[in-house]
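Take this structure, written in structure tokens, and hold onto it; I'll ask about it next.
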Amino acid sequence: MARGTEVAKDRVEALTDGIFAIAMTLLVLSIGVPSVPAELSPDVVLPGLVLGLWPQILACAIAFLVLMSFWLGHEQLFGLVARLDRPFVNLNLITLLGIVFVPFSSALTSDYGSARIAIWVFAANLAAIGLLYGAQRYYLVRHPNLLHAPITPAEARLGYARSLCSPAAALLAVLLSFPAPDLSSFSYLLIPVFLAAIDHMWSR
Amino acid sequence: MARGTEVAKDRVEALTDGIFAIAMTLLVLSIGVPSVPAELSPDVVLPGLVLGLWPQILACAIAFLVLMSFWLGHEQLFGLVARLDRPFVNLNLITLLGIVFVPFSSALTSDYGSARIAIWVFAANLAAIGLLYGAQRYYLVRHPNLLHAPITPAEARLGYARSLCSPAAALLAVLLSFPAPDLSSFSYLLIPVFLAAIDHMWSR
Amino acid sequence: MARGTEVAKDRVEALTDGIFAIAMTLLVLSIGVPSVPAELSPDVVLPGLVLGLWPQILACAIAFLVLMSFWLGHEQLFGLVARLDRPFVNLNLITLLGIVFVPFSSALTSDYGSARIAIWVFAANLAAIGLLYGAQRYYLVRHPNLLHAPITPAEARLGYARSLCSPAAALLAVLLSFPAPDLSSFSYLLIPVFLAAIDHMWSR
Amino acid sequence: MARGTEVAKDRVEALTDGIFAIAMTLLVLSIGVPSVPAELSPDVVLPGLVLGLWPQILACAIAFLVLMSFWLGHEQLFGLVARLDRPFVNLNLITLLGIVFVPFSSALTSDYGSARIAIWVFAANLAAIGLLYGAQRYYLVRHPNLLHAPITPAEARLGYARSLCSPAAALLAVLLSFPAPDLSSFSYLLIPVFLAAIDHMWSR
């Protein structure tokens, strides 16, 4: 590799782990502490207000699980990689741009969970991240010199299938947003199920 | 271990340390700078307003000490571990979901420290984290292949006792919330005392 | 090097990666979730409000790309460095002061993209960071004992050219702010183009 | 050292670097983007509002420089340490509790820079951190088994002098708060001067 074009893998991992850690922790900032009007007793009013946060807490937990899946995908992908070149790092950083938008699009669904535009923005965000992961995998398949060991065609197919889990769940969420917007965010709970099924096929 | 199922320990540690660092630092965001009405002099009004922040500063310090105990527990647990498999990492990441909720539940007790629902939400959060630590320990006891050295039954008992410190303190906080809600948060100060007692028994 | 004057390189990198990760993630906090008046239906009003966030999302994405370029520049610079002395670390930390201001100056352009003062503050921030990178390079050229291998005059010239990319783009943004303030932020998209051109010259 | 009482140094460093990175970046969140009333033109009003942020930007820069000094002090201290025991880690984590309060106490001086209570809270925070650093040094002097090499009495004296720089600057700020509150925050700019003088004495 030409001098000056290789990028230190441990620093890309440190930046990535930092951005994931912050995005995962910021999710919870969208759950505001409810404010009790001064003339009312917190002991009377607060239980109802806290229970009313349930949709926001659920949206936050789902977004956390999705980010957790993406982080595991990044760890799995970088486990294959021995060295990084500039185009691959650029792809990786653009993917992180998708990750930093998750606290925003999650807050949108958290506040307006039954509004279709909120569902679509969250779905578009997650689908874009999944497709960028797919692009990273495609780049690695085409540049085996970056890898510890070449990716076999069977491994490549399983890898692309992993990258399509979140776009597939996002598509399902968009389809569900027409008949049942309140249920659409549950489609993201299928991502770990999809991934576990693919891992099961992989290990056979 | 089957290929593709091991997860890099240093990256899980980096994500964990990042999430703890952010959660610990976000605690202080719940202490808002008091606003002095424009027609009043800050030198006259501000001292009282700053002293009035005392309960919030105390809630923040207690939550910091609790997170500090959990972080030390994670460091102690990962010191035993030689390699990580997927189910253990999933357990670990779910525990982090509990950690990211601490700034929210701490802000709730910070704003409404004497409201029972706030005390209960904070207690439930900390008890859940402690139980998830216990589940991690149980998984390690059952999977000695992940460890540097097998855990003896005596070590396992002490480990479970460590994991039960925060649920025990949370239970005490809930019980105290009936007669003396203002005192209940002090029960968490027992966590380091409990842990030191267990460490003392361990080192004998 | 005298005892006590060397600074651990891995810790400066960890602090730097942490600050970049947080600054990149905080950018998105300036995009607030729009609030729908209670008497209106989110499904009717929200699509327009979300589309109205377009300039803020664009400002956030541009600031992310600029921070990404600076992070890559830091990684490239530290790839040359074998050890750090105090003055170089001080220069590096002052540069980080410039980085932590980016979420603020980016939020200013995000909210008031066509106001000249906002364009100028953002431009001054990015130009200052670029000039501080140039100062770091100058210090390294003068202190080859810190480097893995001495920097040749040709490499030094290319390095200074890299450091001048963001001041040049900032100058262009300021000039564009008079005839066409709405277009000026696009000048920052030239930074990766400039850098790629320099890298192309380097690799020849 | 007894089994289970040693704490991994790299993880304490990672947590510390993370907390410093976040605290340094959060400082800038206290500089809010000024809001221009809807009926006024941003091009007319915003320049004055941005110039009016000058005291807040200065407070943020001073707090950044102070945190930078503390971070360098931590790096210098941990450079001496070969292994960590529980009491030292507990001291270290309590010091981090002081660090996470800096964004709050800095925001207080940023908003009410001429109010004595704000000056005193900031001074108390920084003095407490400095004294906790001194306590860490004292612990290390008494536990040479934790060190790469024993600390000589002359080195110990210089180390204590370093730890007293921020309490000394804080005391000066408190004294200045009576005749000239607006100038008192500049006393913190003496911390790097004090430290450089001590380093100069050290290297002789």
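Think of it as A, B, C and D in the order they're written, each chain with its own count starting at 1.
Here is the rule we use: a residue touches a chain if its C-beta (ideal position, glycine included) is under 8 Å from a C-beta of that chain, and two chains touch if they have at least 3 such contacts.
Note that the structure is predicted; figures quoted are calculated from it, not measured.
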{"item": "Relative to subunit C, chain with the most remote C-alpha centre", "value": "B"}
{"item": "Interface residue overlap between copies subunit B and subunit D, same or different (over half shared)", "value": "different"}
{"item": "Chain centre separation (subunit A, subunit D; CA means) in Å", "value": "35"}
{"item": "Cα-centroid distance, subunit A relative to subunit B, in whole angstrom", "value": "25"}
{"item": "Multi-chain contact sites of subunit D, meaning residues that touch two or more partners", "value": "14, 18, 21-22, 26"}
{"item": "Contact set on subunit D toward subunit B in their complex", "value": "2, 4-5, 7-8, 11-12, 14-15, 18-19, 21-23, 26, 30, 86, 89, 93, 96-97, 100-101, 103-104, 107-108, 111-112, 114-118, 121"}
{"item": "Parts of subunit A lying in touch with subunit B, wherever the complex brings them together", "value": "13-14, 17-18, 20-22, 24-25, 27-29, 31, 33, 36, 42-43, 46-47, 50, 61, 64-65, 68, 71-72, 75-76, 78-79, 199, 202-203"}
